[in-house]
Every structure is written in C-alpha cells, then in structure tokens.
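In the two complexes below, chain A is the common chain; its partner is chain B in one and chain C in the other.
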Partner chain A sequence: METSVATPPVSSPPPQPGPPGPPRPADGRRSAAWRLSDKAGLVVCWGMGLLFCAIAVAIVMYFLIKGLGYVRPWMFVTPASTGFTQSQTGGFSDALIGTGIVAVIGIAIALPLGVAIAVWLSEFGRPAGLARLVESTIEAIAGTPSIVLALFGTIIFASPALGFLSRSTSGIVFGRSFFAAGAMLSLVALPLVVGSTREGLQAIPQHVREASYAVGKTKMATTRRILLPASRPQVATGAMLGLGRIIGDTAIIVVLLGATLNFDPVGGTPVLSYLKGTGTTLTNYVFQNAPTGELNNPEKAYAAAFVLLVIVLILNAAVDVIHRRARKVGTWTT
Partner chain B sequence: MLGALVCTVVALLLAMIVFVFVHAWPSFAHNGLAWFGPGGDSVDNQLQTIFNSGQSGHYVYTFHAWSLIWSTILITGASVAIALFSSLFVAVFIVEFAPEWMRNILQPVVRLLASVPSVVYGLLGVLVVVPFIGNHLISESQKASVAGVISLTGYGLLAAVLILTVMIAPIMISIFSDGLRAVPPRWIEGSLAMGVNRWRTFWKIAVRTARPAIVAGTVLATARALGEAVMLAMVSGSVSWSPNPADGLIFVYEPSKPLAPTIIKSIDDLASKPANETLFAIAAVLLFSAAMLSFGGWVAKRSMRRYAGVA
Partner chain C sequence: MDHVTPPPPVRRLDPHEPFGASEAPATTNGNGAVATESSTFARHRRAAPSQLSIDRMQVESLSVAYSGKPAVKSVSLPIRQGEVLALIGPSGCGKTTLLRSLNRLTELTRTASFDGRVTLDGMDIMGMEPTALRRRVTMVFQQPNPFPMSIFDNLAYVLREQGSRRGRKSTLAPAVRNGLERAGLWAEVGDNLKHPALKLSGGQQQRLCIARALVAQPEVLLLDEPCSALDPQSTQVIEDLIVKLREEVAVVIVTHNLQQAYRVADYVGFMYLGDLVEYGSATSVFNSPREERTKEYVSGAFG
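== the complex of A and B ==
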C-alpha cells in the first residue's frame, strides 16, 4: 500500500497527514451539528461501551467481595475431603497444584510445537499447498470445540499403545490422566501460540534476514539467532494467552482428568505416578462445587473461582507488561 | 525436520476427524436423517435407554436430536445476534469516537471479559443471574401456567443467552476493531473532505471496508458459542425441552439443552458402547457445523475481495 506512493523522502514534506492516524479536524469532533439519528447512534455507542465496563467491573467486584469473604489461607494447603457441611469439605490445594501441572504439561507441548509451526509457516512454507493446508489446520483446531477435542482424547489415550500414560487394569486402559488432559489442552493453546509467534516473525523486515544471510548465516541459524530472539515478546504473549486458555478450560478436564477432587496416583514412581493418575484443577473444582455440580458447596466454588480469576488477571497484566516493554524497545524501521 | 513436524499436526487433525466420524457412524447409520428430526421419547429418556442397552448386548441406537439442535440454534442465534449488534457499536466506539481515557479503559475491559474462564461465567450465572430471573422476572402465574409440564426456575434460555452474549462479544469486538483500524485513513479523509460528518463517514466507509473482519469475527464467535459446553451445562437448565416461540414470551424462561452440554452431562455414560457412539455423533455434528461455519465465512469473505489488502 505505502510502497506505491513514490514520493522521494528527501524533499520537504508536502502537506501530508502528518502523524499516523486519521486527522481529526476541529469541526469533525463537534457532534452538535449532526442529525438526530447520528447523535442517537453516538449515544448507543457510549451506552454499549459503558455497559461493557459496568459488566466487567461488576464481575470482578462481585468475585472480589464474595471470594475474599470465603477464601481462607488454609484452603490453599488443605486437599478436598468429603463432608456434609461446607466447613468439612476441605480446601482446594489439590486443585491448585493440578492446575499448575496441567498448565506446565500443556504449555510444554504447545510452546515448542507452536513456535516450530510458526517458524515453518513464516520462514519456510514450501510447498505452498502444504503451507495453506497447515494454516487451515491451525484454524480448524482453533475452531474445534474443546469438548470434541476431549472426546477425541478419550479414544487416543484409551488405546493400548498409550496405556503407559494412564491407569490400566488387565489390559483395559482407563485413558484419564494428567498426561491425557495436558496433551489435549496443548491443542487448545496451540493456535494462539502459532498466531502470535507468526505475527512477531512477520513484523521483522526482510532486510534484517538479508543482513544475516550476507554475513554467511544459514537460514536455520538466522531463525535461531536473529528472528526468534527478536520476536520474543510475541512468543511470550502467545504463551500467556495459551496459558490462560489452558487454565480456564473445563470441558477437557472434566472428560480427561476425571471428576475426582483429589489426586489419585497410579503406581509407585514418585512424580510419574501423579502424572499418570487422575486429579482435579480449579476449573473442575468450581464446576463440581457449583450448585449444578455433583457437590453443592457454593462457598468453596466462590473461593476457587476467585483464585482462578486472580490467576487470569495476573496473566492479563503480564501480557500488558510484555507489550509495553516491547514497545519501549522500539519497533523495526523499514 | 520442521516439515515433518508440521505434517504430524495435519495428520493429527485428520485423525481426529476420521476417528470422530467413525465412532459416530453407528448412531447415524441406525437413525438416518431422523437423527436430526423430532419425535420419539424425550431426548433425556432416549439417552437413558441407549445407555441401559449397553449392558444387555442388544444395542439400541434410536436417537432424535431435534430438541438439542433447536436449543443450540435458539441460544447461539440469539446471542450471536445481540453480540453482533453491540460489538459493532463498541468496536466503532473504541476505534473512532471514544475519548482517549475511555479507550484506555475499554480495551483492557474487553480483554478481561474475553479471558474469564467459562466456568466462572457459569458460576456467576448459577448464583446470580438464574436466581434473579427465577425470583424477580418470572411471575407466579407464569410458573403456574406451565406447572406439570416443565418447571420454570430461572435456568433457561434467557440466562443462557445473556451470559453467552457477554462471553462471545469480546471476541467480536477485538477482531472488529482490528479490522476497523486497518482501514486506510485516506479513504476516511476523502469522505470527510466531502463534508460528510464523522459518524456517517465511519459507518459508510470504515465499517463497509472492514466487512471481511466483521465476518471473521462473527464466525469465530459463533464457533465459540456452538462449542460452549460448560457454562451452558450449568445455566441452560439441561432438560431436553424445546422452547416454542409460539407460546408467547414465556418461552425465553424455559429450560433446554443444547448439543455441547449434552456431552458434558452424559460424560459418565461413555463406558456404554451405544451411548459412547451417540455422544460421538453429537460431537461429529458439532465438528461438522464448525467446519461449515468457517467455510461459510470463507465464501462470504471471497465475495468481499473488492477491498483486498484491507483488513
């Protein structure tokens, strides 16, 4: 678009629209002279904008008040237990750790895989037909409901070949474990990582690559030493967004991790037994403790939802910080 | 090496499609097109019968999913329509008309609403929205008028649509506003220079130019709404009932059960072979609808190629 404008940059700047962005003539700002219908439209704009702000504030405030009212420090270190009243049902330490495990497994798969796919798409991408296919594949994965991914997970992880990843009794594979849930959740995060990383790679101007080739670096080395470090903020953003989706997903957890509220390790190996066993995460904990779930402990659900919301807010803030820092470092000049 | 990795991912997706449809096949084969039709027992009872037949060895597959499909259409359609309307206004507001301070508030707000987990929305629905609707909006006479047929408690279409709208609107807003920002400023300036006011300019020039982004955002948001299982399982009432708009406005309070939540609700039935295959058939329908949705979006965007290079 800009390339077609053949104005030599040396000449004194003609009356161009100075700084980027549409100029706002003093007249255009004034809506007083508009027709009534246009003014009404502007009022709708303001109304909708304020409505969304109000909803967000209401949600956060509500969970802040309710959550702080019910959350107790001991809940973070006490696993859930069965009981008749809400004071007997324990805390959500298992759920919190479970969320951590699932997030680590999911992002450990999604990040390298996503970056690799993004690099291939942006830097190699041959043959063109395959690139198109891969692009639509990523889009399709992004559009697949997570409940369908979960059902697919029940097939693959219940196959005898993958039996070592979950509980199996006399040849029948249970198919539910942290491994299964984490692997499927990585698919949820994958499109976000790919999209964000690709955006970062494409923002790097061509002359940077050419400079690297000119000093004799191979394509692979250029990617590893120049392009990936340069697009680190976008990779981090993608990882954060993916992490948010992994932590927030419930359908896959309910299907592939089982509806238990505690760890249920398999076998004797210290760490592996937990990963092979079933467990719970915060989302599942909220789901089961909501009045519509199997257990009805709304106070616990509030507390866990509050913790969940805080984690999400922190992730959001992290994305913001990354963005701001990346902007401070500066963008590429073409 | 990267190429091989990439091919693996493609193969994985193909495997998923094949596996899901293979597992779904018995259910479709037994019912034919009647799968999508109405009739027979209520879907809840049908699912129960299918599940029970798993032990007997004489499998029953009879399944008429119309009430689930109808519920999905109602909930998804209503919330996408409301979200489309409001998101367009909010996106225009963010990009063009909001003062700087308002923009700085709205953008994080939209991001926040997009990242709240669906189970938190569901909890909010169950503990706040549903009781409010049940206690304040539905009158006693309305409850009495359908007593014995279905109970109106607040779990129903209205609650589901309201919350789903809040869930999918942020997706639309962020994609719409990206598209609106990409409109070349010169085009807008041209219109302004002709003396058209800023409101009309923006709607006639920018919003029209950004139509591909509007289609893309709507498709993504609809896909999200279609696949939303957890929140709807908590809020929609999960009774296989078909709310009938011909009954008057009371239908918005009636409970129903869309496709995706049915899977979540019946997930313990997976061990029974016919139930398992019926659930996979539902998943196959969801997968197919999602695919059709992106295909439809692609076709719609193709016809807007005139403004290629923008948005």
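== the complex of A and C ==
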C-alpha cells in the first residue's frame, strides 16, 4: 500500500554527523558494545530456538523414517484383525476412517458454535457479566484435561434421554459411540475456534465497522457481510488447530469410543448404525499397539503414528496457506 | 458528470497563506500575503450562500456529552448544499463529535448523551430510523477503509438491502459506475472492478470510500479528516473532488489542516473546547476573524 511508509527499524538511531570515514555500525546492531549479560542472554535465546528446532526435526524425522519403513499401502484398506504375529494383525483402515468421523462430528459442532460465541463476545457482549462468565467458561474448558471431559461424557451419554446416540439394551444405555466421542471432542476444539475467531474480529479496526454503519447498515448486516468474511482466515485457522487437537486426542477416544480396534455398528441403518456404534481412531490404534499397549504390535504403531503425523503436518501447512492467501487480499492500516 | 483527470504533474504549492507562515512550507511567496486569487479553489470560493444553495441540515443548540463531560456545547449552524463547510479547531475540540452527531454515529458510544435538535430537510433526525438517516447522511473516515471485497462489491454492498447478496450485477452496474465516476475513480478502475479494494493505493482507497458514500445518493456527505493518511498528490485529487461535489451534496469536512480548510471550504466553523467560537465564510474567518481565539488559532499560535 502506498500510504504505509516503511518505518525504519526501532533499533537504528538517527544518523549522527561525524568525521568522514568508514561508517560506524548502528549501536543497536553492534553486539560488541553489549553488556556481557545481554550477550549471554542472546546466546541462550539462540540456543533454545535451535534446541527446539532440533527436537521437532528429530521427532518428525524419526517417525517419518521409522514409519515409512513399516507403512504399507494395504494397511490403509485393511481393518485390524486378531493374530499372533505382526503380519497377521491387519491394517488400520477402521482407525483411519474413525479419525475422519470424529474429526467431522467434532468440528461440525465446534465451528458454528465457536464462531457464534466469538461473534457474540466480540461484537455484542452484553450484559457484561454474562460475557465475562462465558469467557471464563471457555477458558475453563480449554484448561480441562480431556480425560476429565471424557469421564463427564460417560455420565451424560449414559443417560436414558441420550440413549438414541449409542447402544442401549433394555433401557441400559451404553453411552459410548462416535456421537458421544465426537460431541465431547468438539469441546476440545471449541476454545481454539473461539479464540482464533475473536482474534480475527478484534483485529478489524473499529472504523471499518463504523464505515458500514455509516452507509446505513445494521450491526447484523455488518457482522455477516463485513466482519465474518474479513476474519475468515482466522476462523479457518481456528478450525484447523481444533481439528489437530481432535485428531490427536486419545483419552476421549479410549473412554467414549469403546477402545475397540474395529467398527461395531448398532442396528441396520446404513450410516447411523456406524455413528451410534463404537470404533477406533488412529490415536487409539497407536495406543493399543504401542510396546506398552495391550496388543504390542510396535510396527503397526509406528505405521499408524506416521500417518497421524502426516495428517497433522498437512493441517499445519493448511494454516500457512490460509494466511498466505489472506495476505493477498490486503488489510487496513490502523 | 466528468472525471477528475489524473493530478497535474506539478503540485501547486498553495501560494496564499493569509494566516501566517507558521504552518506553511517555506516555499510560499515570501511575505505570506493574501495572494493572487489564481488558484482554482479561490476562484470557486463562495463568500455568501449561492442562489442555488439548499438548506440541508440545521443544527440547533446541539450539545453532546460523554459520561456527563461536555464535548460539544450548544452549537448551532446551517449545512447547505452548494458549499463546503469545514470544521476546524485543535484536537479534542469536539469537531469530530459534532460531525458524528449529524448521522447519529455518536450513539454507538454508550456514554454519549445529547441535547438540542438537528434537522435534515426539516425533519428531526432523532425521529428517523438511524439506518435510513445514515443512507442520507453518509460519511468518509480518516483512514481509508474499503471493505475486504472487490471494488464492485464495495459499492454493491451499499446498494443492496442490508446483508443481502441479491441484486444482479447487471442491474447494479450503472449505479456502481455512477458512484465511481462521481468520485473520479472510474477512469482508473473501471476496467477492473473485480480487483480487491484493499489492494488499491491509499488515495484510490479513499476515493473508493467517497464513491461508496456517494452511491447511496446522500443529501449530505461528512468527511472526517479524509486526507490525513494520504500523500500530497492524493490529497489534492480529493480536495478537487470535494470542491466539485459541493454542487451535488452538502459537504462537511473536519480537518486539522488549516491550509486544506482554506483551500476547500466556503464556510468555516472554528471550534474550541466544545464551543463553536466562530462561524462564517472562509475568507472572513481566515482573513479577518472576529474572535481573538480564532485569530490566534488561524495564525498558528496554538493547536
């Protein structure tokens, strides 16, 4: 934008008149002039940054190499089965599909709910007391360990009123199903969607809202046609981060999805039977097949972990792409 | 409806500097005398309501307070089509509050309270639907703030019903074109209406905002320091535009820039600490102010 004049870096002092000669580097950039403690601090910061990069690279590389060695195309289309050797125990097709199902259910609940909450908090937020309450509730959910949410879910979804969402025999509700797991997982994603959407809304300068009011638009029209489209990148980012959390969650799956290794549909309705039934996801598959798990098929665990990692990396890349696209549309000067 | 041609290559440095050289660039013609009325603006200036002037708004002892603290104190003035009214004064003097009261944007501030009366074509604006009022009294802001959509959609948004997306492009196109032409932007963007508005230059963005404000066919156009974020060239294009627009709409401009007020305004209201200290034709306010405070301000003694 032509108006935004590039401001000089804060650290560079105004040029000083001095005798001609080789230009002296600006003080802020010449680390030789720094105090020893500052130099040490800088080294520590660098070190920490490099250390974390190294850890991240190590994890990713380890699983990419190790997983790539074990993963086979047939695993994607073969459900798990019982067997004595690792070659007999099948693949993780059910787990892969299960991950997809909980992700879809979870985000289908969390996205509209989260965006609605964020819009209300950011644009309306009256009465103020209620807004504060909602805010701290969201924070409380964000801070709650997912195993606690899972335990809470067992109470809710085992209630007779919600019996239609899972298996029930003669009035006793099992309370474990894709519905139950997906609903509780939406709570895991919700705070991320709310937080990211609010961030997006609050980044819009107030005068943009007023510009819309100033041509006779209502608050509703402004929100729908200006504010939400403008914060679409942040909404999408929140959804991606939420998806990542849903896909990575294990506790809720183990407790609320039955911790099986295969689909166990309820009744005969085509899709609904699967959603009402129990199943598994990649995280549970890894958990069960890990050397410390019940099944102890480390090769399968590595293969599944590799797939899980790739999915998460793709989500992260998607966030990056969204932000890059958003930059192309431009933004306001504040 | 003619286009504003691209700005002339050489920017005319305002030669007339009647109120002292303190704010003026050093390039004025020496003694800072009231200069040659050669400027296009000076030729246009109206010292008295022209015969074609239409009384659009009437501000009658309007007071605005924020949490009981007065920001505008019993201000009365007329707003006429056919002339540009500039509100000048130091920061915090209430000129923006006065401007925002004209389309009831001040109501968005919860702590604001009002007294007095403002009429638009004889009707009390407090009795009108705010959304209806704001379509007749539109506003352009300090920062260019096009909506994050295409150039076309920026104007179409105003034309469409509230949040609706209805209205075919072909039916809206003539009005969109008309708006862009009136803002002198058609020649530059007419062949690429799908371009994202936020990727235009700052000056073009601001003219788009003016086009957006004009496309609603308002009676009054409010401008809140519309050039303060722009470079001198874009500023001149917009100033030319403002002078041109006064025939079609009543124009009220708030500005910090005294030279700008002198260049574009026919009438000037000087505000200080919430009071309208002086109101009169630009020539009289700048050249022979009645009040001591006005004299000090326009000669650059404070503010």
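As a convention for this text, the second predicted complex is superposed on the first by the 299 of 334 C-alpha atoms of A that agree within 3 Å, B and C clash if a C-alpha of one lies under 4 Å from a C-alpha of the other, contacts with A are read in each partner's own complex, and residues count from 1 in each chain.
One rule holds for everything that comes next: contacts are C-beta pairs under 8 Å (C-beta built on N, C-alpha and C of every residue); 3 or more make two chains touch, one makes a residue touch a chain.
The structure presented is a predicted model; accordingly, all values stated were derived computationally and were not measured.
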Simultaneous placement of chain C and chain B on chain A, clash or fit: fit
Partner chain(s) touched by A:Gly267 [first = chain B, second = chain C, both, neither]: neither
Chain A as apex of chain B and chain C, Cα-centre angle in degrees (nearest 10): 120
Superposed model, chain A: greater residue contact from chain B or chain C: B
Which superposed partner A:Pro145 touches (first chain B, second chain C, both, neither): first
First, second, both or neither for A:Leu130, with chain B first and chain C second: first
Which of chain B and chain C A:Pro160 touches, first, second, both or neither: neither
Partner chain(s) touched by A:Val215 [first = chain B, second = chain C, both, neither]: second
Chain C versus chain B - closest C-alpha approach in the superposed model, Å: 18
Shared contact residues on chain A - chain B and chain C: 1
Chain C partner contacts - residues on chain A that touch it in the complex: 1-4, 205, 207-208, 210-218, 220-221, 224-226, 229-230, 328-334
Residues on chain B engaged by chain A in the complex (per definition of touch): 2-3, 5-7, 9-10, 12-13, 16, 19-20, 23, 86, 89-90, 92-94, 97-98, 102, 105-106, 108-113, 115-120, 122-124, 126-128, 166, 169, 173, 184-186, 188-189, 192, 197-200, 203, 220, 223, 226-230, 233-234, 238, 260, 263-264, 267-268, 270, 279-280, 283, 286-287, 290-291, 293-294, 309
Interfacial residue positions of chain C with respect to chain A in the complex: 103, 105, 108, 130-135, 138-139, 141-145, 147-149, 157-158, 162-163, 196, 198-199, 201-203, 205, 209, 212-213, 216, 222, 229-231
Chain B partner contacts - residues on chain A that touch it in the complex: 1, 17, 20-23, 25, 28-29, 31, 33-34, 38, 41-42, 44-46, 48-49, 51-53, 55-56, 59-60, 62-63, 113, 116-117, 119-121, 124, 130, 133-134, 137-149, 151-152, 154-156, 187, 190, 244, 247-251, 254-255, 259, 283, 286-287, 290-293, 298, 301-302, 305, 308-309, 312-313, 315-316, 319-320
